[in-house]
Amino acid sequence: MNEVKEPREFCLVVSCPDAVGIVAAVSQFVAQQGGSLTESNHHTDVAEGWFYMRNVIDANTLSIDIDEFREKFASLAEKFEMNWHVRDGHKKQKVVLLASHASHCLADLLYRWHSGELHCDIPCVISNHENLRSMVEWHGIPFHYVPVDKNNKQPAFDKMNEIIERHNADTIVLARYMQIIPPNLCAQYAGRLINIHHSFLPSFIGANPYKKAFDRGVKLIGATSHYVTEDLDEGPIIEQDVIRVSHKCNKDDMVRLGRDVEKSVLSRGVRLHLEDRVIVRGNKTVVF
Amino acid sequence: MNEVKEPREFCLVVSCPDAVGIVAAVSQFVAQQGGSLTESNHHTDVAEGWFYMRNVIDANTLSIDIDEFREKFASLAEKFEMNWHVRDGHKKQKVVLLASHASHCLADLLYRWHSGELHCDIPCVISNHENLRSMVEWHGIPFHYVPVDKNNKQPAFDKMNEIIERHNADTIVLARYMQIIPPNLCAQYAGRLINIHHSFLPSFIGANPYKKAFDRGVKLIGATSHYVTEDLDEGPIIEQDVIRVSHKCNKDDMVRLGRDVEKSVLSRGVRLHLEDRVIVRGNKTVVF
Amino acid sequence: MNEVKEPREFCLVVSCPDAVGIVAAVSQFVAQQGGSLTESNHHTDVAEGWFYMRNVIDANTLSIDIDEFREKFASLAEKFEMNWHVRDGHKKQKVVLLASHASHCLADLLYRWHSGELHCDIPCVISNHENLRSMVEWHGIPFHYVPVDKNNKQPAFDKMNEIIERHNADTIVLARYMQIIPPNLCAQYAGRLINIHHSFLPSFIGANPYKKAFDRGVKLIGATSHYVTEDLDEGPIIEQDVIRVSHKCNKDDMVRLGRDVEKSVLSRGVRLHLEDRVIVRGNKTVVF
Amino acid sequence: MNEVKEPREFCLVVSCPDAVGIVAAVSQFVAQQGGSLTESNHHTDVAEGWFYMRNVIDANTLSIDIDEFREKFASLAEKFEMNWHVRDGHKKQKVVLLASHASHCLADLLYRWHSGELHCDIPCVISNHENLRSMVEWHGIPFHYVPVDKNNKQPAFDKMNEIIERHNADTIVLARYMQIIPPNLCAQYAGRLINIHHSFLPSFIGANPYKKAFDRGVKLIGATSHYVTEDLDEGPIIEQDVIRVSHKCNKDDMVRLGRDVEKSVLSRGVRLHLEDRVIVRGNKTVVF
């Protein structure tokens, strides 16, 4: 009787100084282990002399396991001075969601997770408000209420950090969490802390972007998902989109229309991140 | 033998403090003259207490001509403190185009005019470069070369102003004319001087927006057509649009992709203006 | 002490043969009752000689209530042979949702209702599967499981009809309900029965549109919300949208990407319908 | 003194049955010749077991010329049963344009060619009408008037074929050429004969798509650029796009709005084709 192997994929992500022979070396390495590529993306930034690559390998065709893959690949990686990692697609990332009062982004991410579209584990949701507890708990996910004292925020962030570390989070998503994240958290989760800003950055940086958009009389409003860095709203952009507005829209209409863009831009950004499609360099991203 | 009347339309544009009975009064006035409405747009800005209206009237159904219409309507207009005008759709606006070295916006406007899509006269094109002369003259349009001395710009602007006034221009379009327009011209042609800015305003105000967009790593680039005011890139926005870019695009790709957005946003803006669909109030527009 | 009146609006929707003086007559009628218009849309279909109008009236400015409004307006309506109705914006429509196994459209509508964005009552959800019961009931909405025997469907439809009538539904929404609705139900709820078709109609009529789209190699896929008529997928279209796909998308990717378009096109269609913005004539709609 | 080498690229396009080691073999081959990849795209169609690849190689880094490249690569290609070609990016394709009476697509292509955006030679334009002669000749391109006798079309097609062959055309573009191309021409130029259809295929196949779209009451109209095959409007799709319409649009408005989509979809399709980014297999395309 034939054993049917479940589909299983390793994702190998590489960036390094550009050089002749990188693709040849990497693809030969994979082929030598019997690996069949199911998806492969390359990008050469000619101006910067930098090379980016993402390979998805059918793990069932490999003669080695992931630890052996890592061990063997390391010497190749060293030769080309690669930043690299390889991830077993079966191993789900642990994603902690942070929310405030607004529900739309959180509800959207929870729905996509619940319906199996978002391939991750959500060990918990943390919020500085209680109002979304019931929605979160219906999904079978623990809800942590961590109120933030506006005169003394550090204890709340310490508490959040403790929860995040306890759950061993790979990625943190700010689903319209309206507090500014302290620098140490930004640094600790660099490239793994995703925010949604409710404007088409760099337009309308800071608070109340819809009010600013309304006052400026723009004809499109947008949203931006980006990695969080110390500089507010300045981190590397993952995804953006816009929606048309007109003189008929008051501020509330803009907020309402904007919600749909926000949740779609955030969930697309999170999906791209979870699929290891985003490579950060400096303040910019390559998105395969 | 029946005489076939050519279709002919009057366009009546009104804005005024909001009040009960404006629509009734205006539409009753039109109906009393036998006028049939072929298009009608209203907007009430509840927050500002301001009312906007654009009515297109089948002139063939009217018992009066446009002068009599104006005369009779004046007392109604006074009662409601209206800003208003009525225009005979048959009378084409005179539109002077200004260009620099780049041809895409100019070529697009000329094509649309030549093919009959843009309903206006173009008495001349003015440029501070000679390179587009042949293209303009092929269309049968006079081309004026007015070079700008960067150390003494006023004579050039005086010359341009003289040409514009001689042609009795209704509207001026800056089709990527890269010189800053002096305040007196901005004031003189307020609400009739249209620019295309090659970014999604208010992102990337000022020079080199594509370079700024590239450096910021945005995922969409855009363009904005707006009325020119003294404050550079701050005038009332008529139309905006965006196009998707990615890490694959270098600065030149952005410039190339941007050209298509620029020309489409500018020609849409000009068309809306020529059809009297844009009403300015403060720094914002109502676009019917 | 001043009494603060809650904002309250009447929505008056009219369509009739075009004639001189309709707008004047209607707006004069409204003004005579002291009514202030907060939104007003007109459309004249010149080719068909048909006129469409939607007026939103600030009810607090009216000197009469809705019954008196209806009574007084009737004679005016008769004069112009109007199809018309006026609705009190405070009175929520009762919307029954029908679903099958797929959850995305239902979840989206329930979320928008729960967050207050969709202004209606949802007296119940009916499904031919049990799997969505928990999600529906978490929202506090009764869930009716009405399985359909594929060899004898009539009893199920009778049961559904009985439930719908008992709840006195104004509107029925097929949120990916995958059964063909019998002609008598289509007739009974003409103009009040909304479906989402998972293609950009008229492309890929019938079953398995994503498979057909994949096989044809299209570069965009879409969705269409429309009123249900006896002719499958041929009813008046309310709203459509598309999303870009590529050779990288297999059928499952198309289904996944399509879900986002479906739910957004359906919720926009339902919202437009609930706000009385859709007027059906023949097989087409005017959407204000 | 250092000699500055002009940038020069070879484009290698491959499709073949999928197998382990193709990328390794090809990239190793390129690296062995010293070749630096400036762009690389792969696609594996897992369901069909077919592999697609496009590599852009910096020719200045190669130790061999294109003939030697071809010779050496042939044995590798044979091993993997590849369909393949390599093209010198410096050698411009010869593109013959066919047009009828409508000017928008032709004008757009000519403008993009004239401004240097479209990298090709246009040896001539052929039309069955005389009206576009002046526009074509202003660009310095020969214009051939080949009228089509609707009762005997073969002589016209023979004449056109003779002109096309005399100019040794690589690619033919039907810029709204409204005649049905005879099967022998379709076969002879399979994969090199590009058409623009003025609808979002497969909606509204055949004549008068805008009328059909208007009658159906769709809310978006579109255009499709595709390779021409014997089956009218059924060939492999290269590119599609849409634009929003509403009840306000009559048929003429749809035609006008559609023109902008047509020309943009056609020029994008032609550009993709000229850059060797389109690989046809069966009735579908991979577009890198």
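Should a chain be cited, it is by its letter among A, B, C and D, assigned in written order, with residues numbered from 1 in that chain.
Everything that follows uses one rule, which is that a residue touches a chain if its C-beta (ideal position, glycine included) is under 8 Å from a C-beta of that chain, and two chains touch if they have at least 3 such contacts.
Nothing here was measured: the structure is a model prediction, and the numbers come from that model.
> Hey, which chain ends up farthest from subunit A, C-alpha centres compared?
B
> Degrees of rotation, nearest 5, to put the Cα trace of subunit C on subunit D?
To map subunit C onto subunit D, rotate by about 180 degrees.
> If I list every residue number at the interface of subunit A and subunit B, are over half of them used by both copies, so same, or under half, so different?
Counting shared over all numbers used gives more than one half: same.
> Which integer distance in Å separates the CA centroid of subunit A from that of subunit B?
42
> What's the distance between the Cα centroids of subunit B and subunit C, rounded to whole Å?
Those two chain centres are 37 Å apart.
> Which residues does subunit B have that touch at least 2 chains other than itself?
Those would be 39, 43, 46, 248.
> Please name which positions on subunit A make contact with subunit B in the complex.
43, 45-47, 52, 200-204, 216-220, 222, 236-242, 246-248, 250, 283-287
> How about subunit D: which of its residues touch subunit B in the complex?
39, 103-104, 107, 111, 115, 117, 134, 138, 248, 256, 259-260, 264
> Using the touch definition up top, name the residues of subunit A that touch subunit D in the complex.
Residues 18, 20-21, 23-24, 27-28, 30-32, 34-44, 46, 61 of subunit A touch subunit D in their complex.
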